Structures are given as C-alpha cells and as structure tokens.
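What follows is a short report on a single structure.
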Amino acid sequence: MNGSLKIFSGRSHPHLAQKIARILDIPVGKSHVTRFSNENLMVQIDENVRGADVFVIQTSAPPVNEGLVELLITIDALRHASAERITAVMPYFPYVRSDKKDKPRISITARLMADLLQTAGADRVLTMDLHAPQIQGFFRVPVDHLQAIPIIADYLQRRDLSNHVLVAGDASEAKDVGRYANRLRLPMAIIDKRRYDDSEQAKAAHLIGDVRGKHAIIVDDEVATGGTLMEAAAFLKEQGAESVIAAFTHAVLSGTAVERVDASVIEQLVFTDTIPLQGKESKKFEVISVAEVFAKAIRRIHKGDSISDLFH
Amino acid sequence: MNGSLKIFSGRSHPHLAQKIARILDIPVGKSHVTRFSNENLMVQIDENVRGADVFVIQTSAPPVNEGLVELLITIDALRHASAERITAVMPYFPYVRSDKKDKPRISITARLMADLLQTAGADRVLTMDLHAPQIQGFFRVPVDHLQAIPIIADYLQRRDLSNHVLVAGDASEAKDVGRYANRLRLPMAIIDKRRYDDSEQAKAAHLIGDVRGKHAIIVDDEVATGGTLMEAAAFLKEQGAESVIAAFTHAVLSGTAVERVDASVIEQLVFTDTIPLQGKESKKFEVISVAEVFAKAIRRIHKGDSISDLFH
Amino acid sequence: MNGSLKIFSGRSHPHLAQKIARILDIPVGKSHVTRFSNENLMVQIDENVRGADVFVIQTSAPPVNEGLVELLITIDALRHASAERITAVMPYFPYVRSDKKDKPRISITARLMADLLQTAGADRVLTMDLHAPQIQGFFRVPVDHLQAIPIIADYLQRRDLSNHVLVAGDASEAKDVGRYANRLRLPMAIIDKRRYDDSEQAKAAHLIGDVRGKHAIIVDDEVATGGTLMEAAAFLKEQGAESVIAAFTHAVLSGTAVERVDASVIEQLVFTDTIPLQGKESKKFEVISVAEVFAKAIRRIHKGDSISDLFH
Amino acid sequence: MNGSLKIFSGRSHPHLAQKIARILDIPVGKSHVTRFSNENLMVQIDENVRGADVFVIQTSAPPVNEGLVELLITIDALRHASAERITAVMPYFPYVRSDKKDKPRISITARLMADLLQTAGADRVLTMDLHAPQIQGFFRVPVDHLQAIPIIADYLQRRDLSNHVLVAGDASEAKDVGRYANRLRLPMAIIDKRRYDDSEQAKAAHLIGDVRGKHAIIVDDEVATGGTLMEAAAFLKEQGAESVIAAFTHAVLSGTAVERVDASVIEQLVFTDTIPLQGKESKKFEVISVAEVFAKAIRRIHKGDSISDLFH
Amino acid sequence: MNGSLKIFSGRSHPHLAQKIARILDIPVGKSHVTRFSNENLMVQIDENVRGADVFVIQTSAPPVNEGLVELLITIDALRHASAERITAVMPYFPYVRSDKKDKPRISITARLMADLLQTAGADRVLTMDLHAPQIQGFFRVPVDHLQAIPIIADYLQRRDLSNHVLVAGDASEAKDVGRYANRLRLPMAIIDKRRYDDSEQAKAAHLIGDVRGKHAIIVDDEVATGGTLMEAAAFLKEQGAESVIAAFTHAVLSGTAVERVDASVIEQLVFTDTIPLQGKESKKFEVISVAEVFAKAIRRIHKGDSISDLFH
Amino acid sequence: MNGSLKIFSGRSHPHLAQKIARILDIPVGKSHVTRFSNENLMVQIDENVRGADVFVIQTSAPPVNEGLVELLITIDALRHASAERITAVMPYFPYVRSDKKDKPRISITARLMADLLQTAGADRVLTMDLHAPQIQGFFRVPVDHLQAIPIIADYLQRRDLSNHVLVAGDASEAKDVGRYANRLRLPMAIIDKRRYDDSEQAKAAHLIGDVRGKHAIIVDDEVATGGTLMEAAAFLKEQGAESVIAAFTHAVLSGTAVERVDASVIEQLVFTDTIPLQGKESKKFEVISVAEVFAKAIRRIHKGDSISDLFH
C-alpha cells in the first residue's frame, strides 16, 4: 500500500489499541464519538485520511450492539472521507456463535455481521479464533484469521506438563482440543454430554478417555457465563482429576462469571486480552496479550507481506 | 399480495404494535427475542412465514442501537425463513437527523441505516415525518412516508385558534412551520438564531415576525432534550407572547426533558405516540395516536391500494 | 494517487474546463464527441488514460438530457479504457431540485442521477451547492460538496452593507438565507407565501420581518425562469424596500429570464459561472468565477489533501 | 402474473402505443410529463400501479437522449410507486449500433443502455431486431426479442418475386440477408466494399454474385441517413439491375434522408413503424405495422405463455 | 407460489429425480443437454416455464465439474426463460469439504459455489447434510438443509443395538457422532489421530473411549476413497471391537473404494442415494433412499409450508 | 500498477504460459492443483501475492468445464490472498459461440461465463478473437481483445498471393473474411448455404463470387470438428478452385478432425497456438505463436501503456 498506515480505535478496547499502536510506533489516529442524549452516536474522524491505509480496532464487548453500530458508522465515515483501504480489526468477532441455523427461523447472525460490515465499507477484516473456521467463508472481502492457540500453547509449555491431559467440554469442541493436543503432545479426553429431550438441558453423562490422577486442562474458544466450564470442572474432579485449569481465547466472562470462577474448583484461567476485563478481577486469571501478534499482522498487511509466514 | 398479512413486533414499542394489530383485526405474530448474558440477541420467529407479507414494527427508542440491531436480525431471520415480502415499519426512523455532512469526516448515518436495512433484507419501509423529505431518496426500495401534520393540525383545530401564531424555533425549521401555517391559516414567526463563532452556541438573536399579545404554537418534527424548545418558549414570552405551547411528531424527550418541560413556561406539548413514553409523565402532555394511520397504510400496502389517497 | 492527473471536458461548459485546467497548469485531455444524424453520441478519448486519475467536467446546461447522457457515455468509455479513478465534476448537478417525493408516483430524480453515474462508473463526484445538503446522502461513492456562499459573501462584503437586509423568497429557503446572514452579520426577512387550494399558485401573502427603507438582497441557490424572483422583488418594493438585488449560485436563467430581469425592479444579479451563459447578456449581471475553488479542490483530491481545510 | 396488465406510453411514439392498447383492448395508462423551462423532466403516473404488471412503451426517436432519460425516470417512478413488474418495451433500441469497441477508448453504449435500464428498475425488456443477436446478452434481465423479418418477408411474398435477388450492402450485413434469402428462397449478392486506408471512406468495389437483369431488394436492419443505401442502389444499377427496392425494420431516416430517397433510383422503401415518421412523407414508403406482434407478445408475457410459439 | 410446480433433472442423477417426481406425481420436465465435440454444453428447456416454480435436481457426482457447469447453465437458461422461482436441489453439495482456509492461499470453494449459483440465478437451494452447518451461512438466498441422520438412525434402530458403540474416526468428526449418539442412546468413542510434523500423514494414535467386545458403528457425513474408514476399522479391530460397520450420508466411493471395502474388515456400509452408484456394487452396501424426504420438502417449499415441521 | 507483475498458469496450456513468461523474462508463479479422487480440485498459490498484479493464463481446452472451474477457483484463491489486481488471460474464451439465443429457452453461456469470472473476482480479461466483437460487451470489467488476423495475414503475405481468393464458408462469416480481404487486398467469395426446413442440415447451395482456377483460402475464427470446413473445401474444388487452404485463429480440432483433415482436399491449415494441440499432429498444420503478442499486451497492461498502439 502506498497510503500511510493509520490506526483508529473505537470505544470498546482503547487499551489494546494503544498497545498495538505503541508496538507499531505510530499514534492512535484522532477521532471522537459523541453520544447524544437520544443515544444516537456521531463519529468524527479528526484528521485527514484521504488515501490512507486505515485499521479500525473494535472488539465485541459490552455494550455489544452499540459497539457494533459505532464500528459501522466509523467505517462509513472513513469511506466517505476517502480512506484508500479500511480494515476492520475485530479481535473478538460479534455474534460469532450465531454461525448456524440450529433452530427454525433464526438468523445466522455472524453472516449478517459480515454483510453489514461490507455494506458499511470494510475492505478487509482482521480477527482471531472464529468459533468455527467456516465463518471465514461468510466474507466476500479478504479476512486474515489469527490464532491464539500457538500463543497460549507456548505459554502453557513453560510449565511441566507431564501428567497433564487436555479436555473438551463437549463433543462439538473436540476439534479445538485436537489442535492443542497436537502442539503440546498431550493425551485428550472428551466429556460426553447428552440431552434426550428438548425440554432438558444437556448434561455431562460420561467421560470419554481418562483423567484419573491427572492434571486436566479444559480448552475452549471462549468462556461466557462460565456455567458449562464450572460443570465440566466439577465433573472432572468427580472422575478423579488431580487438578483442573482452563485455557481459552476470548474472555467474555459475562454475568456472575467471576464470582462463580472464584468459588469453583478450577485453579486457573489462562486467556488473552481480546476482550477488555472492564474491571473484572480474580487471582485465578492469567492474561496473555495478543497485541504483538495483531501489531505484526497489521504491519504485514500494510506492507503486503505474507500473514501465513507469521505462524512459522 | 397473495401471501397472508402478518405483523411482528420488535421490543421497542409493543403497545403501538398491539394497537395497530387490533385495528387490523389480526394477532401480532409469534416471535421472541433472547438476550444472552453476553448481550447477543437471538430472534426466533415462532410461526411459519413462508410466502407471507410481513410487517415488522420497530420504532427508534432506547436502547436505540440495540433496537436497530434487533430489527436487522429479525429481518434477516424472516428473509431466510422465506417470507415473501418484508416491510420495516419504523414510526420514528433511527438517526434521522444525521442526514447531511455538516462537519468534515462524519457519516450521513441515516443513509447508512437505509443501506443496512436493505442488506438485511427489507423490501419496503413505512415511516413517518422524516426530518427532511430528501431522506426518502436514501432508499432504493419503495418507502411510504406518512405525515403527522394533518393529524396534529386536525387536533389543534378543535380549539379556538383566533389570535394564535405559529413559530419556528430556527430558520432551518421554517419549512415545516409553513406546512402547518397553510393548513391552519395562521400567521407565522421565526426565531433568528445566530452564532458568529464556532466556539459559541447558536442563540436567539431576533424574532422575525410578531407574537406580541398572541398565543404561540412552536412547531417542530421532534423534541429531544427540549433545551432548544425551552429557550424558544422563554424568548417568545420576553417578546410578549400571551402563552406558548408546542406541537411536534416525535417525542424523544431524552435526559431531563420531562422535568424541564414541567418547570418551563410552556403550557402544553402536543405530540404523537411514534415513540413509547416508557414511563415518562407530565400533565402538560397531550398524546395523539398514529396507530390508525399506520394500520390503514399497512392494509393498503397489503392490498395494493394507493397510499396517497389516504391523505385526501 | 499514483496515476497522473487528467482533466477532460464534456461539451456543456468548455470555457470553465479551460479555466480550471489553466489554473492547474495542465492541458485539457484530448477527446471528441461525434453526434450522428440519428442523434446518437459517440465519445472517443483520444489519449491513453490507463492508470490515470481522471476528472470529467460536465455541468448541467442545455441540452440538459443530452449532456447527461454524454457524461454517462464518457465515464463508461474511460472506465473500459482502464482509468484508475474517475471523478465526475458537476458544478451544477442535474435534476437537483427533484430531490423529494412531494407528489404521488414521481421519481426522486436526483437520486436516480446518482445511481446512473455510479452504474456508468463514476468513482467520486465533485459538485457545488446542492439544493439540499441531504442530496449528498444519495451517493454511495464519496462526494466533495463545494460551497459558493463564502465566495459570494466575500464579493458582497466589498461594498458598504450597512442598512441592508437579506431576504428569503419563501419559508423553505430560510435556511440558506440564515447561512448568508451569519457570514454577513445582517438581519433577515422572509416572504410568507400561501396557497390554500391546490388549484391556485402560491402567492406572497405577508412579509415576516422588515425591509422598509432598506436595501434588500434576495438570496437563493438557483434562479431558473426568474418568475419567483421578480415577484419577490416587486413585493419587497411594495413593502418599502429602498432597492433590491439578488445573489445566487446557479444561473439557469431559462426561457425569457433575461428579458424579465432587464424589465424588473431588480438592480443587480450576482451569481457564479457554474452554468455557461450561452450568449445571455445583461448589464445587471455580476459573474463570479468558481474556477479557482474547483481547481484547488481537484488538486487536493488528487494529492489526498483535505477539502474541508479549503474552507478555513 | 396476478397484477393487472397496464400499458404506459412515453412521448416518443404515442401512436404505436395507442394501436397496441387498442388491440389489447385496454386503455393507455394515465401519466404525464412536465418539461420545465430548464429542460428538466417530471414524469407523474396518474393512476395507482401497486402490484400491477406494467409495460412502458418508448422507442428510440428524436429527441433520442431526452427520450431515453424520460424512460429511465418513468421506470424509476413506477418502481417507487410499487409496480410489481416493469417491462421496458423498446421497439427500436437506443444506441443499438454502438455494440462493439471498434475504435480505441470508446463505450459499448448499447451495453451501458442495458445497465442504465436495469439500474432504473426495468425487470424485463421487449424489443425488436437488435443490430446483432449478441446484444441480447448485454442484459441480465430477461429480454424478449421480436423479429420483423417474418412480417416483412410475408409482405414481400404477396408480389411476384421471380427474377428477384436479395442484396447485402456490405459483407458485415450478409448474415441478415441470409435470413431473408432462406425465407423467400431467393438468390443473394453482396457488395464488397473496401477501404485500404484509414483516411478514406469504404467504397463499393465489386459485386459478389449477380444482379444483371434482375430486380434487387437491398435488405438491412435500419436505414439512417440513407447514404449507404443510395450508393448501393446506384452501384446495383451500374451492375445492370433492372430495379432496386429496399426492405428494413427500423426507419431512422435522419437528416435529408427523405429528399435523398425521393431523388434516388430506389423505387420503394418497405419498413415498419417501430419509429414514428414524425411528419416525414414519401410516395416510395410502404409501412408495415408491428403493433399486432407487440400486442401479442405483451399478452403472452403477461399470461406466462411462450413467446417462441408466436413465431411458429 | 402461484406458478405451477415443475421439476427438471440434470444428467447427474436422473434416477433420483424420477423417484422424486413419481412421489410428487408429476412428470420430470422436458429438457435436453447437447454435449458438442468441443465439450461445450448446450442445455435447452423444452417446455414453457414462464411463471413456474422450478426445481432443478443435480447432485455432485462424476464428472463433478462438468455437472456443476451444466447446473449453472441450466439455471441461467431457466432464468432467461422467465421461470418465477428457481430452486437448485443438490442432494450432495459440490466442494462441500472445501469449507475453510486450512492452508495459505487457497479458496473456500464451497462459498465460491454458493456465489456462482446465485450469479447464475438460483433463488433458493435445497440440500442435505452439509459437511459443517456453518456452510448454510455461505448463502444469501434461503437454503433448506435436510438431514439424513434421522433416516439412517431410524434404519439402524430396526436392529438390536445393544452392545453397540458409535465411533468418530477423528476428533473433528466428534460432533456428528454426538448427534447419532443422542438419537440412538449409544455410548461413543473417538479415534485420536496425530500428526506432529507437516510432512507426515495423520495416524490413529489412541482410542478415546472403549470398543472392546462391542460392535462398532463408524459414522461420518461422507466416504470418498474410503482410506480413512478402512484404517479406522482396522484400528478398531486391533482395539478389540467385535465387529465394525459404517453409516454415512454421501457415498462418494471414488477410486478403488469398492475394492477396498470388499477386502476390508468392515461388514457393512449403510448410506443414502444422494449420489448415484454409477454401477458400483458390493454385497456390503445397504442403500436408503432420500427421495421421499426430498419430495416432501419440495412440496412444502412449493406450498409455503414449514420445512422444520418435516422433522417433528 | 505498483504491485509486481506475476504470471500464473492453469493446467490447460502450460507451454504457452512458459513461452509468455520467457518473453517477459519472469518465472511462472508457483502454484499447484490437487485433483482429489472425488474430482474436486484444490488450487494452492505457493508464493505471496499480496499487492501483486497477477495474470492467470488459462485457455479453453479439454477438459473444458474442469478447466473453467479450475480458473474460477484460482481467481478466488488469489482474491482472498489479497492480490491487488487479477487479470484472466484466456486466449480462447470458453463457450464463445454460445453468444446468442438462437433457440428458445437456452442460455447465452458466453455471458454467463463473463458473470462467473467477475463473481470469482477477475478484475480484467485479456482474450483473443471473440466469435463476435459484441461479446466484449458481455463484461462489466475492462477487456483487452487481441486480434490474430494481423498476425496470420502477415504470415500469409510471405507467399505469392497473386491468383488467390478469400472464401467465407457461410454468409454469417462474411464479416471476418472482409477483414482479411482488406489487409491482403484479395477478392472474396461466399458460400451460400441454405436450409429450407428445420429438419435438414444447412447445405452449400451456390457460390457467390468466383473461385475458378484460383487458390482459395477459407478463413474463419475457429475450426472444431472440421466438418463444415471439409465440406466447403470439397465444394470449392467442385466449383473449379485450383487449391484450397484454411486460415483460422482457434484450433479446437475436436473429435476426428485430424484424420478428416489428413484425408481431405485441403492442402494446409494455418492457425495459432491459442489452444494446445495435446498431441494432435499433421503435416498440413502450420502453427503461428501468439505468445509474443500476449506477452506484449501483458507488459503494457501492467505498465499502463496503450494496447491499441500495439496494433499500429
């Protein structure tokens, strides 16, 4: 790209945007959002962006829907302000779990999000650990899809992992656990949850594989209320696990998640900063930053270097 | 249309949807919205809509941005559920005042709204009193644009209007006041506001026309915080107005608007129910319902009858 | 932009195109239009434009519809000839007053024009004083919207303006007059026209504000036949105005406008050269050129500099 | 189609529209065009068209470009007035000979026309004898392409055609002559025109085939100025033809065509009424109406019957 | 739908099309494909389809790419022939496993297929058991996604399933096996395959869960060469399985699959007829027809009845 | 273009791609196609293409439909890999003779091809000798249309052409023969084929013009099975031609074309290498390479130089 590299930050995660900008050694671009008393937003870009190669950083964090609309308005403002190329940098993609039609007459909202971003004017998307890799196919514009698994796995590998086992909380998460297992060369186990009736909730029925006397690491792509995770941890302890920790990318931690984590048998939560903690705290949290991998990816996209090389 | 007429209501104004449905003598369609702890919405349509002529009623009301995203998801769900035609019924259109680029590098967000609705799958739009009539040109799909002025004017005409004068709070609102003036055959006056410096706020400088000893009716399309309205009323009293009331379509009444109205010299606010009051109350409020005109318009759209005939 | 800057001129206003090109110190690009005996047009670009940053200058002037089609064909030819970027420079935008649906079953033709230009291949638009600022929202491509009011106001300010008053010929034009009033710090007045019956024509009924003993300046965005303007001037004289002049951007001056102006009480018409006079002459005309502001805007668009800075 | 069949006529050929409507036994729909003094057009549809199956009849005739813009505006008005389906009926398609890029940096304007019609909102096109059959591929919407050759051939067959020969005025027209030859079972000849230098005009060099002592019928799809035709006729006489007549579909007859025809050796011109004569007259003209074939096609399109059956 | 229901069959699976048509009690529509010596295809629809509700049945079967192009051409022909609605019925969707970007610089070809179908003119898609449910989100047009699991599970349930276990051949297939397990109330096991080096092939390393002394049912969505399946079967026998059968939806069975199946320890293959066997035979095959579920779905789509009701 | 020039070759004609690359003095880009046993293709680009100006060379050759799908997948992969511009270089365009709707309810497949290429992501097309020049109008993206006639004519001119005549095998090919005739200044003749009944095949009925005692050169744009060509040659001999050769651009030579040529009266076939011979051989073949003109065109497109200059 000939245009200069510019980074703008939405209101969702300014801390991460600052970190990324610092690594790239450029300032965060000037812009401001006015929220009128009628809740309408006005986004103004306060510096010239004609011909620039602009990256807008906005993760999905509460208030989720307002953050999304803010991003769409920002992209629209940048487009009409003649930015040469606009990349939506969305470390945690909104509505990423609404990726299939598992009930009649619902929306595959992650696809709708992709369409709305393209309508607003996004030329590219940079994101991390989409719930399913197929979601990349929801976009017509190029998507660079970063992975946190190598970063988290590197972090875990600093400890002694002998006698550890990786656990998927559900058969549908078995794929992800396989990717960790391959990197860490650890055995794996899967919790077999069953629901024989639409009215009941799925419950852990069996453990496929073995955790007895071992240290279990439950892996997942995101943790929301933590309900499923707490249940899985308790079940693993029943099955004889020596200890339980969890590793995941996106720390949604909504509702009473923090209190539940603190009160649970889980000893540690290892996750990244794709979502701001917004004041949530626990001694059990280990946060690994993705700022560097995003900064590197942005520089490579700007320079036209390969992103896949970033992972080798 | 061959398909059956169905009305669905978003969560913004169920009361108005119920009223419209009652007039049309059909039930509001079954659907429900789940708001997960991570603030993601899931909209499910709970009845078959294949081939149906669907109207979704969602006005712009707090939480504004969430209401908008809910509407987009609902339309997407209906489209994939094979509705034959989807009309977004939006009594108060979101971001309607963001209709021009009066600052550098901002979004004309009302146009963006039009594009997002079309991307989600809206085939038509039914709305009321857009801030400027040009906004209808933001849409590629057909728009039916209802007017509240005839309804409000009819209501006002029930009183003795001799010795009344219509007032525009600003030169830019003079056009609307002209439309009232023509219907009510009343004289008009305009408050001339000036701002000679970007740093100051526009202030009422002169009155063009005369209100001395007369009953003033300030007219506008919407009232948000009411700040401008209160100032105008006080200024008219200074200029010798006998009394001041206000008439407008969209009662946003955000922030401390109700308290300010109650404490002000304004004697009455006449407005419609395009926006739910959500518990706001004042003895000064006179609310006129638009349910009937929307119900008639929906029936005509469904039957293929002319909407313009509705106003003659 | 990397591509070289090139300017092409349609047949509507070659004089303005020459002036702009001279200021930019580049030649007008070689092209020619063949009009066959069957009235079909063939536009041929006579120099290589691959990779170039092309600006096509075509204002709306008689023959209006042919000029429009010529522009669409020119843009199509440039696009297929691999121009990198095509900006339609339209000092007076065609069908700019057809910007709303104020009658049943008509076209909002200004929006149609925007769509046709984008279909032909326009990547941007550069225009001046659209009848309503909302029209900018009719475009999906970026629009740079220049203003003549600062230029005309500067010109007027060279005279002694004490005892002058600005007048809007109609409540619907009050907004524009407010923008002049703010710059020139002059009082304003508005002619209140009424039409109580669809069959009659709107007539000046009252004057809101005061012109007695003052020099009146009627301001507007365009003057077509001049009928409204003549009537307004006569009415102001009746109301005691000392003298009347008019200031406006776009001099359509169609039909017998010139004869009527010469015979009227109006002493002077101050306007710009966005439309060629095509031989129309009057001692009352004062023409201010917009060539410089267009040339500056084109240079800034080409270089990626801010246009909003142009007005500070 | 469920919607009722409606026919509207542009201003280009009201006589043909009336004829078609009469055959279909329905009135021409009410609409009117206002041409303001600034040459802007306003098209208003004066009856309800919601849900209707609308056919707009507008041929390409002087003023060509204005007629085209009028058609685009009419379609746009109908679309926003909620017509269910809009078919542009264009007996002579505009810019039909601009169908290839035979010079550098020109527009294939017939394709642009197709795109503009679709942008305005045409759902289908009904036309006749496109200059090349490939032009049908310029459209994404369905096109029904009627042929005049069977009608004209039927007409010619009423005379004694023994000792007649069909002639193409140019190698590039040989294809059409072949289609006539097949129907009429007549021999054919081709005028071999050559141009060995870009600066000269192509001239008849040889006759391929034989016309000596025969009655020649020159066939073509359209005649514009008639220059080519006159030359061909003179050349055929030189080559010994007994007599010369011409048969073609579209009678553009622009410039001094009528005078030239009257003064020429050609004895008769047989053509259709796809284009109005607009007062042009000659004893040599034989006009065959296409109203019936258009009426039949419209009825079949409306009823969902096959059009190809129309030609068997 | 008002238009009549019509079914057309491509050349890929005429037998299934015949079966579906027989159940629906309508004939397969008349059409034929000409394959010229240059391998170009010409598809001609031999009956009128104006206004019809057309379903084109074409599964993905060898020659795969030619079948795809044939389908695109057929849809294009139907669209230009004015079919009212075109549904592509694709029991086995082409390139369904190319649904993610698991290598640098490859195409997510299943998404490309969705786009190509929409470009050709498909208004809807009806398919079965997409490799991942997210693929439904690749379409902008409505998709009805049928499931074979209930049909296959019903079939299996006719036998005595005590002492059976369901097995996923890979962690990434665990999700599907979970859906069978829930229906059949059987335990499950997963083969843990590992590949610690890009150069090696993934190999079965462990069994998670237990098959000793049990009858194993390997489930999957499709079987191509059968290599993975054979290996899994052999591995299960090593792990002590009493017997091994396989159940899956799409029988691609390419290359030497049949010979390998016959020579393997697998006792039975239960699958559907979404893909024609094209002469492949084995005593081990048990084929269950999906014709009825497709016929029912087509009837419901045509009548506007709910498809989700079909599964309750 | 700023991005570096890169050439990739599909599997259809690697020899031509190599030749072009050698002339341009750059290597053919690294990529590979995997054809799985289920006939699905996976195209992987093996080098970074971000920001590059990519040309993909793929001609239409057996297997035709697979080659087409391979090209679409390659373009999709390049687009998602962030190539700056993708030009599809298609020396022989697929389905180029399916360019009109000469039967009811067929597809104009050449137009469909254009749409599919654009959907996949082609930004430009570079091709040669489309069957009709109108086909260029099927594209919305820029097309550079190279001509082989000048190259073939230059080649023929090296021999003594006195006493030669150019022959079109059919009236519909007369246009092309005219273009040769002009360049070579030779007389021409046309075979008049007739078919008076749909059931019979068109047969040579007469010769228009004269070949007696002359050397005939039959010219065409392509030869497929050669049937038409053989018949024409035999007919010319009957009419007294001294000898017959053929000159054409695209050597499809499908079916038993080579054997028929060898057994025929035709003495020589002069054609280009737009299509690989794939092992077909004959002493009668004279092959002229188009590699140089393609290489020059690619260099000019990349540098932004005029292509039309290439032909002067």
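The chains carry the letters A, B, C, D, E and F, assigned in the order they are written, with residues numbered from 1 in each.
The rule we apply is simple: a contact is a pair of C-beta atoms (placed from the backbone, for glycine too) under 8 Å apart; a residue touches a chain by one contact, two chains touch by 3 or more.
Note that the coordinates shown come from a computational prediction; the quantities given were computed from them, not determined experimentally.
The chains touching chain C as well as chain D are B, F. Contact with both chain A and chain E is made by B, F. Among the other chains, the CA centroid farthest from that of chain C is the one of E. For the copy pair chain A and chain F, the superposing rotation over Cα atoms measures out at 120 degrees to the nearest 5. Residue contact pairs shared with C-D exceed half only for one pair among A-F, A-E or E-F, and that pair is E-F.
Distance between chain centres (mean CA atoms), chain C to chain E: 62 Å.
Between chain D and chain E, the centres computed from C-alpha atoms are 51 Å apart. Contact with two or more other chains is made by residues 2, 80-81, 101, 104-105, 108, 115, 306 of chain B. All chain pairs in contact, by the document's touch criterion: A-B, A-C, A-E, A-F, B-C, B-D, B-E, C-D, C-F, D-E, D-F, E-F. Chain F contributes residues 1-2, 124, 142-143, 301, 304-306, 309 to its touches with chain C in the complex.
Put simply, chain B touches chain A in their complex at residues 36-46, 49, 62-66, 68-70, 72-74, 76-78, 80-81, 94-95, 97-98, 101, 103-109, 112, 115-116, 119-120, 224-225, 252, 254-255.
Residues 99-102, 104-105, 108, 110-111, 115, 132-138, 140, 145, 168, 170-172, 174-175, 177-178, 181-182, 185, 187-190, 192-196, 206, 208-209, 306-308 of chain B touch chain C in their complex.
Residues of chain C that touch chain F in their complex: 2-3, 48, 50-52, 79-82.
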